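Two complexes come next, and they have one chain in common, chain A, joined by chain B in the first and chain C in the second.
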Partner chain A sequence: MSQAILDVKPEYPWKLTPKDLVTDFLGALFTLASTLAIVGFSPLKGKLGFAITLIFMAVITTTIMSWIKLDRKAAFNSATTVLVYVTASFVIIALASVLYEIIRLGAPGFSFSIFSNDMSQTASDMPLTEGGLLHAVIGTAYIVTFATLISTPIGILTALYIVEVKGRFAGLVRFFVQAMSGVPSIVAGLFIFALWMIQLGNAYSAVAGGFALTVLMIPTVARTAEEVLKLIPSDLREAGLALGATQWRTVAMVVIPAARSGLITAVILGIARVVGETAPLLLTIGGADAINLNPTQGNMSAFPYYVWKNLLIGSENAISRAWLGVFVLMIVVLVFFTLARYLGAARGGRK
Partner chain B sequence: MSNENISDKNNNREENMSQMTGKQETATDRNTSNTSNTKGASATRSLGDVAAGREAKVGKAFTGGSGLEARGVHAWFGKKHVLQDISLEFATGTVTALIGPSGCGKSTFIRTLNRMHEFIPTAALAGQVLLDGKDVYEPGVDVTKIRLKVGMVFQKPNPFPSMTIKENVLSGLKLSQIKIQNSDELLESCLRRAGLWDEVKDRLNEYGGSLSGGQQQRLCIARSLAVNPQVLLMDEPCSALDPGSTLRIEETIRELADTMSIVIVTHNMQQAARVSDYTGFFLSDGGPGRLIEVASTVEIFTNPKEKRTEDYVSGRFG
Partner chain C sequence: MSAAVVEQKQTPQPRVITTEPRFTDKVFRSVVTSGGLIAGLLLGLIGFFLIYNGFEAIRAAGLSFLTGFNWVDAVPEDGQAASYGVGAMLYGTMVTGILAMLMGVPVAVGTALFLSYYAPEWIKKPMVVVVDVMAAIPSIVYGLWGYFVLMPHAEYWAKLIHKYLGFIPFFDMPAPVFTRSPFIAGLVLAIMIIPIVTAVSREVFAQTPLERIQAAYALGATKWSMIKAVVFPYGRGGVIGGAMLGLGRALGETVAVYTVLNLVYDIRIEVLLSAGGSVASMIVNKFGEADPVELQALMGAGFVLFMVTLLVNFLANYIINKTARE
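Our next item is the complex of A and B:
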């Protein structure tokens, strides 16, 4: 008897049988062949025509095949499955092709010397071995750090006011935050330009750029933080209050630590929102080709400005420089996000 | 992989625990049959027998401070009157069970006792809640002090997810800004009193969320003990737990009752019979919830004065 038990092998009855695989393969083959035939003999032409026909044929083939094999319900199921896969692959293809283009056009100009040089001694048309973008690195670092330092506390406190304090104006504040998140970025730039620069008489500087980005970043941080705080079960707040804590201490010791990784995400999303903004910076930082270490005074550069300027110049080398700028910005953002994710998950046990 | 390991470990621990509690259960059984079971060993015991089997504290003189007392408490949510004229006294050293069908206002009532009721925006209240003879709703009373003296354990175990087991137990001190010298001693004594020490003493720096549901609830009890409350309110503390953990917590409740008064809301008649000295029966007939009857637990389960109480405890409705 034990012999018989030992003889039993694990099986996977839910897996596809070889017969299924063969029919699936034939179906795929038919889809491809019929697509080629249609594109060849009909007015549908080019890559787009091919893609549309392929999707169409894939849906039809799978639907008919499962209808024959099973029934109507199965056919409908297969059709939706294929559609979902196709739409998902569109998103992935779009993303992947953007990444591919950035790497293809940006990576060749990359060398570590670009992090030790600026463009003060180099014309944009010169080969990429000359000059660099250290001035843009410094500018973006100043501007984004400044914007983050101001937006994070304001954004999170706004969210706390809406979710925790539930003050009398919570609805109104919420409305304004939502309205603010719809403000076009050029308007944020104009606002700082008109207020901080013209009214208060300040010149171009990293600080002015930081203010402009702050206007854009606060609503993103506040709205995401609000969603995150709403997810914290009210049980936890009550537990804190029932232990004789004031509301402020409950928020500081229980709610915020519990929401920690979500709040970090809120800040990251805020940074992602503003790090590539060009229009507000054009109005506020003035742009520069040389390193400027003083964030409060003098024209400043930034990645988006660097890319914009080189694109405008338009010569072959300048355009390569623009792609290089995009490429480096992408890497910086990637490194930064990974770091923030890691820091956000380091403590906190259960999410 | 590692996840599987962890859950495996947890399962083992859970098993050990229920074995332990299993033993304890038989011990309690033996006690009961010694003292009260006159119908012979094979007869099933009624709730009244269970209640009588415990050494009840009923009739003893109330010790020490007067404890907690509700006088003519009414509560509303908006226009809706949900509690009507509840008067109830909780003496130090006793356990009071509140029973009644869902929605009759038991939770609302115990939340008026430590002033958690007022966190619901539409809430309103009338009447008095006296702690050591002073109304907790009097103007100028420091609410946080009231909540320190009247602790609370919630229906769903809710350890603070960002804190370790140790930090959870001691969180009350930090939250209410109490400084103490020997926090390690306090930590151990709270966990021992909550019946959790042996299970967690080697993993005090793990997060509270890594414990099983029953352990988490005992952690929450330990957490409320750390600020040394006079009264402990428990709102269906076992309704989310398995029978083994439930028995552990009931045992903890019995031990704690020596030094404080405990108010427990429960839907489990057996549990009310097992742990409480007094039982209050709440009922709402569509209108506000009222306290139909309160008496010693034995009386409620053997000889209730009200027909509705009898119907409820014998399972005829609710």
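Our next item is the complex of A and C:
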């Protein structure tokens, strides 16, 4: 009896049979061959013609094949499957193109001497071996540090208000913060210009740029921190309160330590969001070619501003400088991005 | 006698049980509340200071601030008065935003479907990273890429569209200048809004009740009929909200649009022509050499942009929150 059961072979009806594989392979071959033939013998030329014909032929082939094999519904299913894969590959191609061009056009100008020079003695048109972007490094460091120092407490307090205190306005604050994450960056710049410069009579400075970035950074920090705090199990809070702790002690000694890496992730995501913002800085920092070590006074430069200025100058070397700036900026952004993901993954892994 | 007094004194008072928060909690709550309210009030402050500084310009122009096509500085020598209107720019902003939605949303929804239902396990994670990295790229990078890399290609595509679809008024071409058109700006914006629309769509798709999906499969549905019958009806609101969130981003985009769009103070329906408008880019464009009067007008323009994006965002968040709660 047991022998008979062991003799039964498990079946996998969903697995592709060799016959299926052969027809699929032939279909793919036909698609490729017909595409090449059409591109070869018709006025459709170039990469675009090839891509469009390939997509078209792939949809046609799979549709007809599944129609013959099964029915109309299967045909629709195959056509949409191909289209979904095509859209996903569009996204990959776009990102690959952006990253590839940044490396191709930005990396050749890269050398470590750019971190020891500024542009005060160098015109943008000079070869890239002259000058550097130390002034932009310092400016961005000041501006982003300042924005982080202000927006971290406000962002985390906002998240605490929504999740822990659950005050009367919690829903309203949450809704406003959500809407704030869609405020155009140029509007943030105009707001700081109106408040800090026109109303309070200050001049361009790194601090003003930091204020503008704060406006953009608060929603990112607050929303991510909110998500993180919501993930903390309420058992922990209840245990803290049951031991007789006040809410303040519970939050400070239990909730915050449990959420620490997540909160750090929130801040890093906020930094990654604002470090490349250009428009608000154009209205608030004034721009400079020389190193300015005083964040509260005088015009300041920054990475995005450096890129922007060289882009507008437009000569060959200036454009190379712009790409170089973008290359360095992308490295900074990706470092923060990877850091945030790494910390986020570590948090998820421990759970 | 004295012993009794001592005994009385030693009787402990019954403990007062109260829900009144302790002093430290009161301090904690007020600090947290004020922090939360600062963030909530910031939105109001932004609106207030923009309208406060731009009110003169808007009052001087009246309704024509919204509908006017001119952005002319005062020239006292010629007796020419200043005339500021954001009408053309507002129209151009809408055109590029809608083009971005038309091109970006289908790709984004397709990508979200791919991630939720089609992708093999091994490609899912890298693909999520791809979308996240796209969201992290600063707009000036897209601007540079759009101008130097995409535009030569897009110009060729625009010529093809004009050649084969030129009979449609939108694709007509009065002058053969195909660079820096609303079409190309829309293309760059489409790529920029794909991450957010994908993220929101994926979130709603993930909330589709599993038993309905399984029910559809059990009735013999193919993957596509399941998506059509279960996923789309359930997630429609979320996808619409995500698309509007993307539209809000596209409307407010500044530097990326500035590099790939030629600003012209005119209303044209030909989207392939090198003439378009964008309120945000116009503000950056005019800001450098603005005198105090023009600055007021720019603040007014910023206020209009702020209100438009806020409206779109409010609506989008409302739709998404409503869908998420159901």
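Keep this in mind: the second predicted complex is superposed on the first by the 259 of 351 C-alpha atoms of A that agree within 3 Å, B and C clash if a C-alpha of one lies under 4 Å from a C-alpha of the other, contacts with A are read in each partner's own complex, and residues count from 1 in each chain.
Convention: a residue touches a chain if its C-beta (ideal position, glycine included) is under 8 Å from a C-beta of that chain, and two chains touch if they have at least 3 such contacts.
The structure displayed is predicted, hence computed values, not measured ones.
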For this session: Could you say whether A:238 touches chain B, chain C, both of them, or neither, answering first, second, both or neither?
Result: first
Exercise. Between chain B (first) and chain C (second), which, if any, makes contact with A:19: first, second, both or neither?
Worked result: neither
Exercise. Now for A:246: first (chain B), second (chain C), both, or neither, which partner does it touch?
Worked result: both
For this session: Could you look at A:257 and tell me whether it touches chain B, chain C, both or neither (first, second, both, neither)?
Result: first
Exercise. Which holds for A:9: it touches chain B only (first), chain C only (second), both, or neither?
Worked result: neither
Seminar exercise, completed: Chosen between chain B and chain C, the partner touching more chain A residues is C
Exercise. Does the superposition put A:166 against chain B (first), chain C (second), both, or neither?
Worked result: first
Seminar exercise, completed: Dual-contact residues of chain A, meaning touching chain B and chain C, are 246, 249
Problem set entry | Of chain C, residues touching chain A in the complex | 21-22, 24-25, 27-29, 31-40, 42-43, 45-46, 49-50, 52-53, 106-107, 109-111, 113-115, 118-119, 127, 129-134, 136-145, 147-149, 153, 156-157, 160, 191, 194, 198, 222-225, 227, 245, 248-249, 251-255, 259, 280, 283-284, 287, 298-299, 302, 305-306, 309-310, 312-314, 316-317
Seminar exercise, completed: As the complex stands, chain A meets chain B at residues 166, 233, 235-236, 238-246, 249-250, 253-254, 257-258, 260, 347-351
Exercise. Considering the complex alone, what residue numbers of chain A touch chain C?
Worked result: 46, 48, 73-74, 76-77, 80-81, 83-88, 90-92, 94-95, 97-98, 101-102, 105, 153-158, 160-162, 164-165, 167, 169-170, 172-173, 175-180, 182-188, 190-191, 194-195, 198-199, 215, 218-219, 222, 246-249, 251, 272-273, 275-279, 282-283, 304, 307-308, 311, 319, 322-323, 326, 329-330, 333-334, 337, 341
Problem set entry | chain A partner contacts - residues on chain B that touch it in the complex | 114, 116, 119, 121, 144-148, 151-152, 154, 156, 158, 160-163, 171-172, 174-177, 206-210, 220, 223-224, 227
